[in-house]
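See the structures that follow.
Shared chain: subunit A. Partners: subunit B in the first complex, subunit C in the second.
The block that comes next holds the complex of A and B.
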């Protein structure tokens, strides 16, 4: 507003160039660039120690191993952006994997079995969404309850044993297209659809509005209830897909396979720039967060560091990242306060 | 802020208001309340409120803290339902169950703290709840470039020149944010624009800017409801004045038949202000 601000002094070429990068993109690059540096730096270092690290075989292996986490991260990112989250996805992966194995061993056709898992997971998301949106239960408590329920259901349904899938879902276990294994393709597909939905549609726009300021979004005429329900359903369906991928990839329904995945997912997403307070986060950032986890895990294996250090290193990176972000935010607020 | 500065703004606002400030027009009021009351359980927040708001005028609702202004706004904007009385829009009785309903009838409200989402960009805020989509509709792909262009031109129309509509609205000053919210309401065809204390958090200069936009909206035929506890601001732009006190409508005035002093007196409850003046002078003595 010209009336309001004194005429700006002439600006240098550098400043002008800076303005070309839009503020939103700049904020995102501040998140992306350090993550990309970590991923490339660690990969190059490990590769210098063991030249097999950057072989296409290992890259595929790392991506396949993290496809379940990556798919979960897409739905959870949308939830976090809208100021919600779902802690039940980890045990949903266990339950869904067991349910897939049970159906296949009972002779249910593959496509039908997959469809049923997606429906069950989607319906669970619908229940969470309805309860959160209509009677305003805090998602933390609600989905913590869900976590317990489905963890128990997975154990009960499988009678506490891993159910092998002898000759089902082979397209997931060993299938590939133009050399890319199926789990990676499904992950990439979900990334593209999720990215389009969150960043280029009206619905995605409303997710950010609801997460950043629910009251303002409501007063602007946005149906907050509908937005919340839909995002929980999307997350549920993606959890179902993750469960199917898990069952297919491992060739079995293990009732404990998804344990802890919900927290690992949220950690990767927060590393990717999302905020538990809502209104922030991107699909690409969460993808990079998952990749950091993948590269750390694989690097430590290649460097012969005991497995028990995986979580330690990833946790340290997460703590460092949120500390840097919080410090930058504090500094920005101070300079903003000075400017006023 | 110097005295001159103050006068300068006042003069500018006066000039913009024009001398032939429209007398409350005949015809159907854009919005009417008839003996409206609101109770929350046993607490009576509003009692027997009647008012009418004409197109192309500024109607000021004045009241001190706790007078019932917030409850009144929430009724007008569809957040609360009145428990008694009738609420008419364009002469027809209405019952809103959410702000969406009110917006659909052309009643837009700019809330003091909730007018915008600070984390989001200016253009995203401008289209909040009215996001333009392109291509295959059910996909709901946002027409981003179009939205940015429209935001810039709509803001220019209101005399607001912002360099980059892609910056977060939280980086704007309070007055600028209010101005964007007003421009948004006008752009999306608000027939009634309700402003909740738009100047209360602002300095003199910023307030002047917001008052200017209130008049700009009035010029476009919008019925403006200006809710404030500042009689000076109300007097500068108002065509009609209602005074709220403890949930009741205690007085109403029409522009030209009321002096600023009368408003201040009425608002403070006359005697109360005098006794307060006494008290203060005795402390200072």
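The block that comes next holds the complex of A and C.
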């Protein structure tokens, strides 16, 4: 101890470290560290079997393949933090991809086509937000309806066939900057913006407040209605962006391409520490959740395990993760109850 | 005869508070035992131990003379029943189905039929002299009828000890006679009754025995025939432990301009044509039993609900939206701390800063700026917490309430609406809250306190408005607001 520091007797190094690690950081690390261990462990193991796994080509390919999911996860994380969610994003990706392809084949300029998809998806988010915030429809039922509507609209608009985009959106398909493919750049950009918005702004703080205790947030003077509408719109726009990325990356508008993405997204987010009850979740955690899914999928391919096992392994990891979390929570409650 | 339920030398601590200290109580069959004490005196902890929901740290529980270890299941098997303050019926099911909800009788074939349910339900109601339509859905009953249903449900043929947790709190004063009749019918069936209330007139009328708890300690116990209401008041509050009016209100407070004005305000059927005003520097208490509309008034002034007719002006604005009202400096401390005020799993700091929208949680935790600020505010209100980054859930009730108060003192509020500010709060916190209320008033804030605690009213009020059935029935200067003056005004006898 130097002369300058105020005397702090009886504090060991461990205690000092505990003081530095805030309770919130500790909670988050308990989520992040196992996920990072899974990602690194699985990657190293697969790489020992097949040295191409950690090649830059494969890493890029995994990230590109999961960019749509990753972008969706950002908006959905904000929704979950605020105690909301949107099941319609998967079929919105299908619909948006078809809409993009349809416009491009009809000769609409690329930038215009993209803008329209973003607007349509954002407007859909606005509708969900208005209905949820103003007339208090449960988001689950409402967006389940939306899922059906847009799934059907995608099939109808495309006449049930995949519409190829012969020479549009090439910047998404093969474009890159300093060697990083465009879809990854868009994903990273959305991550940074989303992370700043959720964790470093007043709006983000309000999302947590609304999710943690809506009534308390309202009585404390937070405009719960406005917060809910805005977060649904943000999620809608991100779903539109995901649709465009999907269309550009695959070079086609497939009316079934987004099927099931909504549940996969929510699974990845919950793996990343968010709670369906609201008030919990981080952008970084959700990112790690998506990465786990990506590494599992790619590893199994490299290990020559049939594709059909992808979902099985990811599902097993999810079940294991929530079981561990719930057990820890239960133990915490019990010890608290004993002390009470 | 052995007492039905006996508790010996019970100790129980929660983090930060000692809820019960060496409490000994014995409940005799066929008698009504009143458990008296303020909020936070330890009544609910004691009944949770009696019903097996909590384990004592030390001490023993005896049933008919035999020591037992209770959990909720064994307590039920031994015939201990709790009628909770909150109503717990299945609203879409009929009265008969609700009555036999837990273990319906089966007929000869081992099946539960409408007939077998109806027969048992009728027998249960007849035993207590309760008259309810067995086929009516529970949702169609009045609050009082629902309560009778719940009491009848608790008093099955196995019941030995019925614990009634503030049964009169949700009743209109005219309905209490009926509650007394049923309680006496239970007693006359040889069942022991624990009756919790802080209305001493009820205790004197109904109970055979009484125990007074204060601050977790047993103050007195005995037969009601041997005591008086004024002795009970002294036992409940203690002499000298309470911040008296003289300590809080020193000299004449300068009263400023009108800060809150209500002009013929109505809200549905709950508030009916109410007009009054509050000046800066003044503490107005609005009182009235459940259903009187006092609770709605607080939400109206704070902009959490909109009046259906009439005009409200607060701090120069019309509070029609809660977010705008909060920005104009109208603070609201809601009655239900856990459900309406706190984010229980989030940190003390985030809870303090909630009204200011000042700090965003990030994955690293609460930003240093927020921690420093919140810690300073908490120190000013002597909130007992090791670290403001800990979840607010870990604090005691009194400290949690100080956190909510700190939230509004952190943003310079000059209109304070406090709805039952000291429910479930320990005595030092109460005194601290009263001190802050008076201090803010002296600093020019207009304060409206919604309260049903007579002692609280006497301690803080400059003026008292008494409400009944949504309207104002009278106004009393704070110095004259005795329990009997308020009570008489509520009943309309003066």
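As a working rule, the second predicted complex is superposed on the first by the 325 of 340 C-alpha atoms of A that agree within 3 Å, B and C clash if a C-alpha of one lies under 4 Å from a C-alpha of the other, contacts with A are read in each partner's own complex, and residues count from 1 in each chain.
Heads up, the rule we're going with is that contacts are C-beta pairs under 8 Å (C-beta built on N, C-alpha and C of every residue); 3 or more make two chains touch, one makes a residue touch a chain.
Just so it is clear, the model here is predicted, and its values are computed rather than measured.
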Once subunit A from each complex is brought into register, does subunit C clash with subunit B or fit beside it?
clash
After superposition on the shared chain, which partner residues are touched by A:135: those of subunit B (first), subunit C (second), both, or neither?
neither
Which partner chains sit in contact with A:178 here, subunit B, subunit C, both or neither? Use first/second/both/neither.
neither
Given the touch rule stated above, what does A:106 touch, subunit B (first), subunit C (second), both, or neither?
neither
Subunit A residues contacted in one complex by subunit B, in the other by subunit C
22-24, 200-202, 204-206, 208-209, 212-213, 215-223, 279-280, 340
Within their complex, subunit C touches subunit A through residues 14-15, 54-55, 302, 304, 321-323, 325-327, 332, 334, 339-347, 350, 354-355, 357-366, 387, 389-391, 407
Which residues, counting only subunit B, touch subunit A once they are in their complex?
77, 79, 98-100, 103, 109, 111, 114-121, 124, 127-131, 133, 139-142, 144, 159-162, 164, 166-168, 171-173, 175-176, 179, 205-206, 209
Report the residues of subunit A in contact with subunit C in the complex, numbered from low to high.
22-25, 28, 199-202, 204-206, 208-209, 212-213, 215-223, 226, 279-280, 282, 284-285, 338-340
Given the complex with subunit B, which residues does subunit A contribute to the contact?
1-4, 19, 22-24, 196, 200-206, 208-209, 212-213, 215-223, 279-280, 336, 340
